[in-house]
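Letters A, B, C and D mark the chains in the order given here, with residues in each chain numbered from 1 onward.
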Amino acid sequence: MSSIKVELKQCEIDKIKEICQSFNNEPGELINVLHKAQGHFGYLPAEVQEEIALELKISVAKVYGVVTFYSFFTMLPKGLHPISICTGTACYVRGAEKVLDEFKRILNIQVGDTTKDGRFSLSCLRCVGACGLAPVVMIGEKVYGRVSPDGVKDILNEYS
Amino acid sequence: METIKLTIDNKPVEVPKGTSILHAAKGAGIHIPTLCFFKLGDMPIENRPGGCRVCVVEVQGRRNLAPACVTDVTEGMVVKTHTIRALNARKTVLELILSDHPTDCLVCAKSGNCELQTLAQDMGIRKLHYEGEQSHYREDTSPAIIRDMDKCVRCRRCEMMCNDVQTVGVLSGINRGFMSVVSPAFEMNLDHSVCTYCGQCVAVCPTGALTEVDHTNAVIRALADPSKTVVVQTAPAVRAALGEEFGLKPGTLVTGKMVAALRQLGFDYVFDTDFAADLTIMEEGTELLNRLTQFLAGDKTKLPILTSCCPAWVKFFEHQFPEMMDIPSTAKSPQQMFGPIAKEYFAKKIGVERKDMVVVSIMPCLAKKYECSRDEFSHNGSPDVDYSISTRELANLIKQANLEFDALADEDFDKPLGESTGASVIFGTTGGVIEAAVRTAYELHTGNKLPKVDFEELRGLAGIRSATIDFGGLPINIGIAHGLGNARKLLEDIREGKSTFHAIEIMACPGGCIGGGGQPLHHGDFSILKARQEALYREDAGKPIRKSHENPFIIELYKEFLGKPLKLIYINPSHPEE
Amino acid sequence: MTKVKSLADLKKMQEDLQAKLKVRERGTDPEGYVRIKVAMATCGIASGAKGVMEFLIDELDKRNIDTLITQTGCMGYCYAEPTIEVTLPNKEPVVFGYVDIRKADEIIEKYIKNGEFVEGIIPVNYESIDNN
Amino acid sequence: MHLLVCGGTGCKSSASDTIVENLKAELEHNSLEDDVQVIMTGCFGFCEQGPVVKVMPDNTFYVRVTPGDVKELVAEHIIKGRKVRRLLYENPETKEPVSDSKHMGFYRKQIRVALRNCGFINPENIDEYIARDGYSALAKALGELSPQQAIDIIKKSGLRGRGGGGFPTGIKWELTSKFEADQKYVVCNADEGDPGAFMDRSVLEGDPHSVIEAMAICGYCIGASKGLVYIRAEYPLAIERLKIAIKQAQEYGLLGLDILGSKFSFDISLRYGAGAFVCGEETALIHSMEGHRGEPTVKPPFPAESGYMKKPTVVNNVETYANVPVIFNKGADWFASIGTEKSKGTKVFALAGKINNVGLIEVPMGTSLKEVIFEIGGGIKNNKEFKAVQTGGPSGGCLTSKHLDTPIDYDNLIASGSMMGSGGMIVMDEDDCMVAMARYYLDFTVDESCGKCSPCRIGTMRLKEILDKIIKGDGTMEDIDRLRNLSSVIKDSSLCGLGQTAPNPVLSTLDNFMNEYLAHVKDKKCPAGRCKSLMIYKVIPENCVGCTACARNCPVNAISGERKQTHFIDTSICIKCGACIERCKFNAIVIN
């Protein structure tokens, strides 16, 4: 997993400690801790994982092993507007691939990347469970249903 | 005991409840191939993730094939291990594993000793029907261990050793699916991690994914350089295991043949790390007595004292218990005591300049490679010990030199650094260092001769052992741990103030150095470790002198060169340049 | 909130609530409230159910129609989201699909005010276990 | 008075539009347009006997209405108030016409058991749940039944796990109840992972209390005081509603210490999934809840003996739990009367793909695929040809028209080469390539394989690679053999359910659509026109007028030709994007 280097400020270390303490520094709560930490930092840089390992008294390797196992966790900050294309079956049979290709073409990035200006990042996700609206695209919390390749440009224009 | 009756390949078998199909079959003379499965001798540790699926067998009435290593037998079970269905699955699975494995067997460090290669041979794989993308990872070279994860078969044995046995926690399964692999956090290099280089991961790796950094070529170059005086030291545990590499029975002592081979290889002086081990006892024993005196005077922080001759163990507590750095002995390890003695004392004696002397050590260990690269063990950029090679590498050197090892006539070590006592020989096994220390400390403390030098109560292979030795009315509590996981338990007791030990011996590897990461692979068979251990005790029993402080050359060394003990300390290393 | 301490407590509570709910569901409420349920599961919200619900709340208030609007879960008609169920006093509940703001306005004006059906009715196509 | 005319796709294709027009004209003719309103509605789910016209408020239900019947309908029913008997629906058993549709509930293919409260109550209000008999099943169990008696009710009902495997729920509970331990756990698997399945999400969003109540009952049965819901982090609304529901239940004392004065205590907390499909497997799920990588371990030991924190644990999915309170309220016999001999009750399906009425449906076990797809689902979108229906997600298979009459239950689906799975049902039409479909699922499995066992980690990758080769047109007949052998070995030797079922999409398409594989391999053609590599774009000279629209829009300048001359596509440059076809107004470009 590619990553970037950061230096944690004292207040950020304190935040991690606070998160860990809210789960009683219980190693079994690692995934809940990671969820909260990612919720706070937006992603999970190595330094955050090291601090969590220290607090929960488990090895960093283990934390990293868990982070890299679950697709929800990321070590790279997402774009200001994270775009997720649903590639669940319903969306797939209704043309999600073409929609994805169009996003890739317009933004000129691959899945997992962020645009150079940091505005958009592109990812795929499993079914969001809105199969009735397939194909579905999520930008941030907003769900766009019945997206066609032609409509991609208009959707992106909402964010410019 | 409750037993279970079943049939395996039409043979009726009766085994205790809780036995796996694999073990039940083995008892019936049926060898089911395995890959990820690994059982570490008598220790309650078994690696059976059921991941490789090479051991699948057909069980009547079961929908799918059963992994023999992790499926317990049940009453009336009918097992078939070589039906066409099982064979096809097993072969296909193996082909799949091979399809994600480099095919550079001819030049692989593990060739000939690779479990995957053997399986492919045994199963008669001649063609890969399923080829495709292979998973690639960055190669990682550290001072002691090379990780080439392209060759990893995800058996997870290394992960088990690193986490469950050693509790070092450097390795973990990372990623998911095709790209999953075992790695340190953030795929960092081992030398940025808290790895102790104990080499137990290397010792259990079935393939060439984890190997030692090979220094044989550097040694060959040094031997070929006429301007260099090349001195070799051999660790105690090597002589009890080297023979296995040449087909000799485990436990065959090959001290004489080994010395002969080293001479044939062209080493100018063949010395013994055992000599330095005697020296260690003098240093560590003296320190123990000093601290005991302070302890008895009321300074309870002075004990326990922990042995410090195992570099993996030293690195372990440096990372994991930094706040307890004043507990271990300050004595250097035998390897690192030998280095300066050779380069400063012996070199002067024979009129060779330090820069023209090369010290090579033969070690059962991979951490020793790292240890001799530590900054504090070099002098103006020149290391005290130049190269440390493992027992396996030595065997390789001997083979390269076209020597028929078995036919070599026994020879003796050179003097003066080749002379040693029985006490130093047993450094190679768990319990040996502390027994050697007790032999010396007892006599120095009480001023009396020991009635009996063998301390059976300190011997054995249990992971944590303890004994109380009567030092002339003063009961001394001794603790012994081998395997870093066991060591951790004793250390945590100390931290919590629960420990009642006065002295503790710790060895990083299960069994001590006889089970070191650089030894011939024992594949988890503890009978091999036991045989090696017995060989060392045999050598000890046969020695005319069995106490370190009685080694005449040690006495001479102090008289001529060192003066009093406590010169060869670990922290703030000072070179004996007087 | 009071704790339900025993079986009898629960039974009593159930009876009270059932009576209330019956009033609501059967529309026999003497007050003559109009009941509206908006399907607010992920699908519905993604299709704009929240906006429709807010619109209904605001507009019915503005137009002085006493209405009880609640949210509910998925009605199962994903193809026709957003969906709402409207129950007029003394009438059977009617489900409308594809309800955007314009349609919501039409439902208020035609169905709620005058009892006139509008396009987009989704016939209930399942059996509820209450009838068994 | 209202006339409701079905505007579902099925009815529309049999002229319901004309019926509406005729009705309006006829009413106007009789000056009734102000009194009688004609409304086109959504699908009645009765396409088999469409077009359907329903008269309100008297609930008269006319079937197979033709535009020619309109005059009579208006004259008889509207004006004279006499029902047109020949158009009334006939009870299939008694052959009697049914005049009031209130008495013809049986035409409805769906029965809502698990979804009984979804879309009915406000999920954020516990009072509404209680008013609908909520928590009375728990009260009954605690007050009147011993744990074993309660287990016996579940056993008798025949309820089987709705998460995929179909293990009998009562037996699972009984096994767990028999193990002695100081602590046991009740786990709800809400990590719904099948792409195209969303029934668990809908239940949690629409009726969270039914799951809470069932978990408490389970806790009473097996002797557990702790419940855990393992829920997908990607379901924020479900999480929110579940949290509210738990809090309300705690405030009412329906969770917590000494529930309803029975000395039984039970509480529930949440654990979040983090995006790993394999965590649907119960041992992987348990490891994930413990904070580990979600890698499965070999069973036995089963969770019933050693589960969460090595304690006896029951793991059931959301839909399974949602059925439990009803079984207590209505009785095991009632529940067992629904469904087939070996599969009792109903099953919720998420109907999606190329189908008109995408939605969440619940039908009795034993309903045929045909009823689900063509009646409830309203048939195939855009009047295309039905090709296949995929059930069971990545673990299931593609079933074809020959399976349409198969009654859906656990065993029949497995016998047909698919499986129940969690209930995703994706319908495919003639435009879907089945080889590409198999590849799609393998892509998913490769992505979601945990990597622990070799057959799944490497084998699924190799399957995908072979499918890729076939899709590219490089496949050989040996590749098809290799697909078969590899699939059977992966099924036979993988560690967990994910690997053991991963080859199903390949095997079922090989079984049912061999002709498509052969077309790709031998003729180098994709019959559905979906596999890009096998497409060749060509200009039909007779149709081309030389308007240059195609050439101007080609992103790679692969099209040449003078104005008003026939154009030409250089296939070595063409990237098969399809832009030319979209722009061509003369149908002069085709794909071969």
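In the analysis below, a contact is a pair of C-beta atoms (placed from the backbone, for glycine too) under 8 Å apart; a residue touches a chain by one contact, two chains touch by 3 or more.
All of these numbers come straight from a predicted model, not from anything done at the bench.
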Top chain pair, ranked by number of contacting C-beta pairs: C-D
Of all other chains, the one whose Cα centre sits farthest from subunit B: C
Most centrally placed chain - per-chain CA mean versus overall CA mean: A
Approximate Å spacing (C-alpha centroids) for the pair subunit A, subunit C: 36
Centroid spacing, where centroids are CA-atom means, of subunit B and subunit C in whole angstrom: 74
Mean-CA-position distance for subunit B and subunit A (Å): 44
Centroid spacing, where centroids are CA-atom means, of subunit C and subunit D in whole angstrom: 25
Multi-chain contact residues (two or more partners), subunit D: 198, 201-202, 235, 276, 293, 295, 352, 358-359, 450
Contacts with two or more other chains, residues of subunit C listed in rising order: 42-43, 45, 78-79
Numbers and ranges of subunit B residues touching at least 2 other chains: 173, 175-176
Chain-level touch network, classified as line, ring, star, complete or other: other
In contact (per the touch rule at the top): chain pairs: A-B, A-C, A-D, B-D, C-D
Partner subunit B, residues of subunit D touching it in the complex: 276, 293, 295, 297-298, 300, 446-455, 457-459, 461-462, 465, 482, 485-486, 489, 491-495, 500
Contacting residues of subunit A [partner subunit B, same complex]: 1, 3, 46, 49-50, 53, 58-65, 68-69, 71
Residue ranges of subunit B touching subunit A (in the complex, touch as defined): 163, 169-176, 183-186, 193
Subunit D residues within the subunit A interface of the complex: 192-198, 201-202, 233-235, 271-277, 288-295, 309, 350, 352-354, 358-359, 390, 393, 424, 426, 428, 432, 437, 440-441, 450
Subunit A to subunit D touching residues, read off their complex: 27-32, 34-35, 65-66, 69-73, 87-94, 125-132, 134
